[in-house]
């Protein structure tokens, strides 16, 4: 049963594969020659996710003021920017929570702007929420299984018993192991700790096998040690997928991302490798200016 | 009260036992309750169980509050009685035992049409739409006497058609067993539904409709399909009612009836599968027995409902399950004194209040009979200050004592819950 | 010609009455998220209280006292019952008002009996307001319209021009923030619920004697105002206004027209007999169909414009 997991691997060129094993996996060290690597990818390949002059206004206030973004398959992009810049709004626009006022959003070259969230999800894009948005009265196992059902093709079936769906149940068990909640199989989601709920949130997001994952502040509210463990988890479960994360923690950003998109006041100021972004004048002025952020970002200036 | 949901997880043997017990109960009930009134009530209970369970598919499982479910049970009844008349005319060689299915299928068709419009919204707007659609059908029932029979309704005769094994469904007991079979099968099917992908997604839609859209499901479609399935079972119930009473009037699609489904399903308990079964039994008991017992029964019902919503929104079923949980951990013994206290003081309050209510009703409705009113084992005088003061005094004293007992009970309950939580945590770490 | 004018005026007065009711419902819903199922019961209470007070002291005191009584009852219900259910969510809140409607109906029948009561238009307001082309327009209808419009003006002024109105507007969308700023939001809720109830009561005072005062009046008008609120757009006062007038006028016209599809096609020379397919539909007169028009309207709106006429929120 196709789960869309491997599409990104095949779409990417050999340079993409090299990047996946780069020393970036270690703490906060960017791969050398990032931009050269980027250009080696074949020209004319469809972007996994593309935004063309996307705008969004609520009443008279324009929140998103012409965003252009092109993300290649398998890329890991961190979206950073001050609060209120429109990062979550961007996610909402991409995932279909609401439609852009103008502009296009393309997934694998097909337009998805204006489509309903479930239509977009069925095409292989999945998102998590900043405020945990799971099913509080269902157990961990049930939460994950619900997220798995559609992609396994069970749709609106009421003629089969859940207990008999071997492939769905197996995949759910796999997912539980992946997010390390197998010990909490039958605990109601509302009774989990905060970090466990965040892990479940990620689990539900990736369960359907989407190949483009949007994570909205996955480590929000976590302690330092929890964050470190969580980032490792994210890296593992999103292997080979295209990842967009909204993040505030610069350590996380520089450790996890291939590319950074800086969103300020509804526009993308820069979209480049971490080094290039750090050196970017405009970004420094608008966002990264403080020495604290600089030191958080690593130790190689 | 504790917000945690207790999921009853018996072993498979346990489940087998429960269903066997249920089947046995259905089989043996008319042997225990033999009077004809009992048998009519049992038949009505079976019918009510099916419709309340179907209603809970919407309310408890889907979070859809409907004020118009009677439309589907009622349309099923009308379609069934017309089918029955076709059978009687010889135009349709359908065995009587399958007539309720015709009702169910007919309701399904109605739900396909009306349900599409109804499920376009959720939550409060959905409730209002069901109200509007219910009124629409009710008003239409007065406009089309050919189908709905006008004032007199449509009658039929269930002793008709083929007679397999000599069963005519003439005697009530034969009809009861037909109803019992339908009740068992429908209950089993509706229970099975809760264990299918659609059933589970319906729960997910209830808990977090927004997230459901982001995992690939169209929430409106989930609700729509569930709505149609619920209507199917409601239609079967209506069809059985048509056979039972052999007459169907437009009352069966009234808002009054929809309200009754809501009230009793909620009273029985919408959060557990078996809750509506309790509610259905209570519904029949209230309509048949309580209404004979006192003229104030609707007022009592309203008051019970009000207090249930405030203090036990999970219904009778949740009360049972909470106490079962306490019993499972071995703490029930500690509560029995509190329960006794609550029961006694509660009864006193009830007595006082009931006397006053009955006196008022007596004054209003039975003026011609004079001021004397029989009440339980004694008689009261509506114009005597004694009766009034006595009742008021009893009620207020009872209320005071009840409050004292209640505080004690809440304290004890809280302690026990703490012990249980600790025990659960302890077991989890093992 | 006169038929249209008089019917239009009658329709508008009925529509304004509907708006008096649905505005209170919309306000309560917008602010508290509670759909007050017992709103029409407050209407009924207003009419019955007015009847009793009129018997005791007269109509004009009743105009003031009855809504006040209903408002106090409403506020009391909010404080002692509704508030406790708030933490359980919106469905239990709706259910408790549903229970209240049951109880109010029983109590009304208990105190005033199951039949209708003779609540009459006061003599001072009987008779025609003016005569148009030979048809009378009742003075009382004019009085109804006046009261309704004055009430709307008062509400508008209250919400937009007073301090309490400002607090209400704030608490409408951000109750927690308003509370954090030091306003007694629970008291505001109580006032709004009581105020909404009083509005419904006032509608009952002026509507009860124009139309019939009986236990069934709550049910009849209740479902129509829910339709008004959905058709107008959940939470939109302007939408409720528009929908009330539309439905009021539509129904008033329809009730008076005895034409049916059958008679319509007869004009062009076709005859419909009892044997024609769908005769039951053909022979339906518009006046017979009138009761279901609001609900048909509801279904149509849901199909073609689910947000409602002027709705903004996807409720």
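A, B and C label the chains in the order they appear, each numbered from 1.
We adopt the following convention: a residue touches a chain if its C-beta (ideal position, glycine included) is under 8 Å from a C-beta of that chain, and two chains touch if they have at least 3 such contacts.
Owing to the predicted nature of the structure, the values given are computational and were not obtained by experimental measurement.
A.B. asks: Graph of touching chains, which shape: line, ring, star, complete, other?
C.D. replies: line
A.B. asks: Among all other chains, pick the one whose mean CA position is farthest from the mean CA position of chain A.
C.D. replies: Farthest from chain A by mean C-alpha position: C.
A.B. asks: On a C-alpha centroid basis, what's the spacing between chain A and chain B, in Å?
C.D. replies: Using C-alpha averages as centres, the distance is 47 Å.
A.B. asks: For chain A versus chain C, what separation do you get between their C-alpha means, in angstrom?
C.D. replies: So the centre of chain A lies 50 Å away from the centre of chain C.
A.B. asks: Report, in whole Å, the distance between the mean C-alpha point of chain B and the mean C-alpha point of chain C.
C.D. replies: It comes to 31 Å between the two C-alpha centres.
A.B. asks: So which bits of chain A are touching at least two other chains?
C.D. replies: Residues of chain A never touch two or more of the other chains.
A.B. asks: List the residues on chain B that touch chain A in their complex, please.
C.D. replies: Touch list, chain B to chain A: 4-5, 192-193, 195-201, 203-204, 207-208, 210-218, 221-222, 225, 229, 428.
A.B. asks: Can you tell me which positions in chain C touch chain B when the two form their complex?
C.D. replies: Chain C reaches chain B through residues 29, 33, 35, 81, 84-85, 88, 90-92, 94-96, 98-100, 102-103, 105-107, 110-111, 113, 219, 223, 226-227, 229-230, 234, 280, 284, 288-289, 291-292, 294-296, 298-299, 302-303, 306, 315.
A.B. asks: Which of the residues in chain A end up touching chain B in this complex?
C.D. replies: 95-96, 116-118, 121-122, 126-127, 129, 133-138, 142, 145-147, 149-151, 154-163, 165, 187-188, 191, 204, 207-208
A.B. asks: Spell out the residues on chain B that touch chain C in their complex, using ranges where they run on.
C.D. replies: 63, 65, 117, 120-121, 123-125, 127-129, 131-136, 139-140, 143-144, 146-147, 255, 259, 262-263, 266, 296, 298-299, 301-303, 305-306, 309-310, 313, 360-361, 364
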